[in-house]
Amino acid sequence: MNAYRRKILPRPYFRNNLRTRLCTKFRPSQLAAAALVTTASLGFSSQVLAEDPIKVGILHSLSGTMAISESTLKDTVEMLIEQQNEQGGLLGRQLEAVVVDPASNWPLFAERARELLAQHDVDVVFGNWTSVSRKAVLPVFEELNGLLFYPVQYEGEESSENVFYTGAAPNQQAIPAVEYLLNEVGVERWVLAGTDYVYPRTTNRILEAFLKEEHGVADDDILINYTPFGHSDWQNIVAEIRRFGSEGKKTAVVSTINGDANVPFYRELANQGIDAADIPVVAFSVGEQELSGIDTAPLVGHLAAWNYFMSVDTDENYDFIDAWIDYTGDEESVTNDPMEAHYIGFNMWAEAVRKAGTTDVDAIKDAIIGVTVPNLTGGYAAMMPNHHITKPVLIGEVQDNGQFDIVWQTPSTVAGDAWSDYLPGSRDLIADWRAPMRCGNFNVATGSCGGSTAAEEAEAALAE
Amino acid sequence: MRIFPLPWPVAVKASAGSVAGRPSRCLVLLILLLSLCLTAVAAQAQSPDAAEDAVALELLEALDVDSYPAKGEAIDAIVQSDDPRARDWLSALLDGRLQRADDGRFVVVLDNRGREWPVEDALSGEALGQMSRRELDRIGINNALRNQLRSAIAVVDLYSADLALRRASAERLLGEVDADLAEPLAGVIEQEEDRQARARLIQALAIHRLEQGDIDAVADLKGSLHPRVRVALNRAVMGDDQVVADAAQAALNSIEQNLRINRGLETLYFGLSLGSVLVLAAIGLAITFGVMGVINMAHGELIMLGAYTTWAMQQLLPGQPGLALILSIPAGFLVAALMGIAIERGVIQFLKGRPLETLLATFGISLILQQLVRTGISPLNRTVITPEWMSGSLVINDALSLTLNRMVVLGFALVVFAGLMLVMRRTRLGLEVRAVTQNRAMARSMGIRATRVDILTFALGSGVAGLAGVALSQLTNVGPNLGQNYIIDSFMVVVFGGVGNLWGTLVAGLSLGVINQILEPWAGAVLAKIIVLVFIILFIQKRPRGLFPQKGRAAEG
Amino acid sequence: MNFLRSLADRDRVFDFLVPAASPVDVRHGPILYLEDVTVSFDGFKAINDLNLTIDDGELRCIIGPNGAGKTTMMDIITGKTRPDAGKVWFGSRHDLLTMNEPEIASLGIGRKFQKPTVFEALTLFENLELAMAADKRILPTLTARMTPAIRDRIEEVLETIGLAELRLRPAGILSHGQKQWLEIGMLLMQRPRLLLVDEPVAGMTEQEMERTAELLTGLAGKQSVVVVEHDMGFVRSIARKVTVLHQGSVLAEGSMDQVSNDPKVVEVYLGADAEEEVA
Amino acid sequence: MHWLGRPFTERSTQLFLGVLLAALTLVTILHVAVPQGHPLHVSAYTVNLLGKYLSYALLAVAVDLIWGYLGILSLGHGAFFALGGYAMGMYLMRQIGDRGVYGHPELPDFMVFLNWDSLPWYWTGFDMAWFAFIMVLLAPGLLALVFGFLAFRSRVTGVYLSIITQALTFALMLAFFRNEMGFGGNNGLTDFRDILGFSLRSDATRLGLFIATGVALAVGYVLCRAIVSSKLGRVCVATRDAEARTRFIGYRVERFQLFVFVVSAMLAGLAGALYVPQVGIINPSEFSPVFSIEIVLWVALGGRATLYGAVIGAILVNYAKTVFTGVMPDAWLFALGAMFVLVTVFLPKGVAGLLAYRVRRRKHRGEDDESPTPRGKEVSA
């Protein structure tokens, strides 16, 4: 515990904690006084902070349901900070990690984000996994003008001045995967199965529009299905997929099923005799980390689309894996796509700090656009003006060792698209945070930023 | 030039551009010869001489190119060379294990876990020890090649001595027979002795005949529930020949009728299987809650412990998942029962007669147990392997097959239930438990050690939760959150069935499962669950004591 | 369907829809009238064709061996248990079988349980306050104020049951006998027409028993009192008329002397006990 | 004396209100008057945090009212809290107007996102503050009325009631997770801009919300105190300890239970409504049964049937949570779990009981004045 504490704790926290312990031992008669001291101690930590190191906030859940996925990302950022410090830090200053635990609780994410920015005065934050947690912290980052690097694939439809999206947007994962199935596998019927939350909903809407508009797929040939989080009884749904796929046309499942629900899903597929050769499943949320906790036998041959696989055969990747295994001390530990996203995000931020010569948020925001750093798949990632990055898209086939066999890859990198071309609401929107536009939702049809004119026009239309 | 008939649509598509001539009967014979020779040569284990190695190396070299069409030709070349190692190469290539080391040697990777992989020489078959994955380059294939490889291996299997392989082959041929294959197929049907494989092959041929407009084929297809048959009949209905279309329509109608019945049966099975999971999860609770009146919120975590025991057993006995699973049944019971005793002695005995307080205290225990597993083992899910005999499904007919793992769980649930009934009805412990439940003071004065009975009852209920965990490890994730997903459902089942009534729990669990599965296709998974919950809430308001309330004076109070 | 109907059963929620309780009509004879009442639990007939009549102002003792159906009879009268067959009338106007417990209570039937149940966390004063006959609907209860008249009435009852000194102590600290008295006091606060008292002296000392006997005899005349008791000495000391229950129906009825000389009674019940009494 | 005025004559209420007022004033002064950087300055972050604790405290008071005094252990009070929160969240969503990313004048972003073309009917009216604020009380109140009516009428009490309240909040959680419901699914409602015309991103508004929560807590506390010290409160205690007896002396117990249950649900709704603008998001996880059980722990730790104990418990546990999850995230669940066990086994009267015991011992040393512990009802008494 001690080593752990030393590793993750900024020093002021200790003092704060000591104080807390002292003041919880109040007597009844001193209730009011204790309350006062407690209150003061809560607001205390910002004053004792030393000005010297550059502070890197880490906002990943270390407890609760999301700890499964997020705690390794915390370790990743800590490893990157350690590596950076070994190289002499940045601008001659050391980096210091400030770790807080939002405990998989969305309101707590907002509170912790505020703590990082307002109390600890961190220079940059790496964090979040779920969309809802990002949505929860977004107003805080905008209000307090912080920097957030968000490393997970997401539904798009967002571009904030203060957030950098290093994970895939739908056009960097879902659409290439579907194109692969169309062109290489010859799929004609589609099952879009997902967990009922915003990422699958949006992705499936985009895919539905894409399939219908671009490839003339009929309504009857698309089956959309949503299940709750952690769904474990897949019998009916798999039976439906089986029937849907037995109409004589090649069928594939595009799965945006989240986390825990996947194991029972694939098991049921295998048990009902659905083979990857008959009906392949391409998943957007199943990576090495998820595979490490399950019996991979039923999954072998199914597909996943990511921007990185641990099995990528490049030296950068092997170096990264070696460093990661050394850092965790666990020969079995795996790397995955969001880790690579943090790797890219961290290097981009470091590069921008060097370029700007300061950690000042506004300076970084300007400097980082256009920054290009190597990714782990043998190419380069560039920060686009819409705060998304360029990524290659890889399709991998699950192997029995829990790794992916890469079967297809986009010829070049794809730039992330904040606003999907396939959704009516966002078709006309673009994001560009360079001067003079500086706008996250510029409407090219009306030529204005944000909704104000759109609203006026809508009202005018109503008046007519 | 290709030598195999390529029955799969994608494979056909992949080869469409290059196929010069369709495979003919002599090619099939060639395959037959090839397969015979493969087995014969392999049996003699002759080591090929150097000249052969040079040829073989050339064959493999041809694979290590960038162009996929070139690789396809290289695969054909390997098939045509009657090298005895060809089949091993092809399957290694299919699995992505055929790789090339930096020194140019071709190797087969034996195990690709970790960073260092054990490999053997692809030509000589001698073990080369471990190689770093950095030194190796995989020979990549794409889907078209994968299908080509599978076709190549599978058509060979049609002539295999292994019955299972032949059956699988026949299955695959359904709807894929073309004119070139039709003729030799008739010969194969003649030769085939296995009824099942034979019936399949006849159907496969009939589909082809139907496509050719042969009305007699409808008779061969009538009554088959196989989706491919249905597709073929559907096509015939759409076809130009009115007579054939009418016959096909008639056959189709009877098939549809049959399918509806099968779907009904399938839904019933799904419901019973879901119900059996609910019963398993709830039945331990029916004992601790129903008989002792203890609200054990840590019940879910006891289930989780059972599941983790299964995982631990499989770790202890690597390579024998089935044995480990069977051994986990007593082990899971024991672990959960011991934990139950600890909980009873440590907390619950101090809270006698304060059910709401036990609820809070055991909830605290559940949090501790969860976190214990998270920090002690891992926050990640654990891999529990499904043994061979529990994978797959029992095929009743082409439209109805029952998944084996769920069938085993269903049977297991019934066995556990019967066992519990026996314990409660036929043993001294059961008698004492019932006595203590009804009148504690009186039972004590009769010389029954009530404390001991409490401990044993709680251990029994907890142990059964452990058994549920063992079963659930075969259906769902084994992770720290496992228990949480079942606790509310378990309480619902017990309360719905009537507290203190094991039969009630069984009936409630199974019926809730069936209701849920009937609702699901119609309302969707989430809504179905909400409807069931609301139904139970309303039901409890109407009949606060559940389906089978305890009667009599004692219950009136 | 039943569910919908029960939703329509509005008078259970809205007080103002309930007709005000009408006073008990005893002009045509008895205050409590049970006819051919039968109830069974799992096939066991706890009450079997029971007929019983209590007159206004009477003090009646009911005795009988264990399992004779004494407590079940009380449950039926107070609406806790529904009989399978028979009639139960309170006065000549109220069919008790159509009413629930609070309705029956507000008609003026008070019950003291075998095991004394008082509100242990509340003071004696508050126990009595709650029991007092008053408007027991929600808003009147919420806005109820303590008036001198109420206080006097409570003090009066506290004096009657002899617990005035303890008025501000929680009822949980009382001894067993004191709880019995407090419970009787609570019944008095309700100004009931009929008091059902279940084994009032079980576990009491000799003095406590005497005091209880005084209390109960003092009540008779103003209220009708039905006492169920095991203790023969106590019954003898207060009884005017005694009913003997056996296997759920009336075995004998009359004065204590008549009953104890009835050979049937002696045979089934008094046999052993009577000898003890004599000794 | 008027029933509402009665609490002000009680010493514990005076003390409670005094401490609360002092705390509110002190925080306000330290926040506004003391310059930033001064060690005694209370930051906006802290004010916000304290505001959250206070709304939790109000929620705990609501739970204590029915659990402490009526013996009804609701494991679904999170549902009423969340409903109040959603009512407020819907108002705040409507206040965004056309400032959403898509610039739609009426529809919230998530509806545009999911291709809805008009507001669902149940969203109408929420653009008006008065309507939304009424719904904050009405929505949870109505749910409590219907649910309680059915439950108490059939005498579902004790453990059974706890279990079905848990099922209720679980069912609601599943329902609100559904995107078709029109409440934003898993993401819930977020990205609020302003409330009653004040920007939610300004420190002054935050202070205002903190004070408003404090006032709401005071009002809720006094209301609950007035109820429990009226005759109705004594009927509640009587019901808790001996439900059958209460019925026999002529009280329609189910109506009293229903009345207090509805009041408690409305208070919980109010707490939720004050919570949402301070944390900036409302999503279905507030419906999770675990949260509801945690509320009960606050009350148990603070001390049942005291009201002020609930406040102490809520603040204590949440402060501990803030500190622990920052310092030792792994240890937090252990600590929380241990608290559940230790409090129920060793500290049945909670912190308040401990305080009261000390005070009493100091007052009359040696005098035996142990009042009986309030206990939950037996499964089948």
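All chains are identified by letter, namely A, B, C and D, in their written order; residue positions are counted from 1 within each chain.
Methods note: a residue touches a chain if its C-beta (ideal position, glycine included) is under 8 Å from a C-beta of that chain, and two chains touch if they have at least 3 such contacts.
Just so you know, these numbers come straight off a predicted model, no measurement behind them.
Ranking all chains by how far their C-alpha centres lie from the centre of subunit C, first place goes to A.
When chain pairs are compared by their number of contacting C-beta pairs, A-D comes first.
One simple way to say how far apart two chains are is to compare their mean CA positions; for subunit A and subunit B this gives 31 Å. Rounded to whole angstrom, the centroid-to-centroid distance between subunit C and subunit D, based on C-alpha atoms, equals 42 Å. Our note on geometry: subunit B versus subunit C, Cα centroid distance of 66 Å, whole angstroms. Residues of subunit D found to touch two or more other chains are 153, 174, 177-178, 330, 333.
Counting partners per residue, subunit A has 63, 196, 226, 228 as the residues that reach two or more other chains.
Touching two or more other chains at once are residues 371, 374, 526, 529, 538, 542 of subunit B.
Residues 1, 5, 9, 13, 16-17, 20, 24, 28, 31-32, 35-36, 38-40, 42-44, 46-47, 62-63, 100-103, 105-108, 110-111, 114-115, 118-119, 130-132, 135-136, 138-140, 142-143, 157-158, 196-198, 201-202, 205, 226, 228-229, 423-426, 429, 440-441, 443, 450-455, 458-459 of subunit A touch subunit D in their complex. Those residues of subunit A lying in contact with subunit B across their complex are 63, 65, 67-68, 71, 184-186, 196, 225-228, 230-233, 235-237, 239-240, 243, 246-248, 250, 260, 263-264, 267-268, 270-273, 277, 289, 292-298, 313, 315, 318, 321-322, 325, 331-332, 399, 401-403, 405-408. Every residue of subunit B that touches subunit D in the complex is listed here, in rising order: 293, 295, 297, 347, 350-351, 353-361, 363-368, 370-372, 374-375, 484, 488, 491-492, 495, 499, 526-527, 529-530, 533-534, 536-538, 540-544, 554-555, 557. By the touch criterion stated above, subunit B contacts subunit A in their complex at residues 9-10, 13, 95-96, 111-115, 133-134, 137-138, 140-144, 147, 150, 175, 227-228, 230-231, 234-235, 266-267, 270, 273-274, 277, 371, 374, 379-386, 391-393, 401, 403-406, 475-477, 479, 481, 485, 516-517, 520-521, 524-526, 529. Those residues of subunit D whose C-beta lies close enough to touch subunit B in the complex are 73, 147, 150-151, 153-156, 158-160, 162-164, 166-168, 170-171, 174-175, 177-178, 289-290, 293, 296-297, 300, 330, 333-334, 336-341, 343-345, 348, 375-381.
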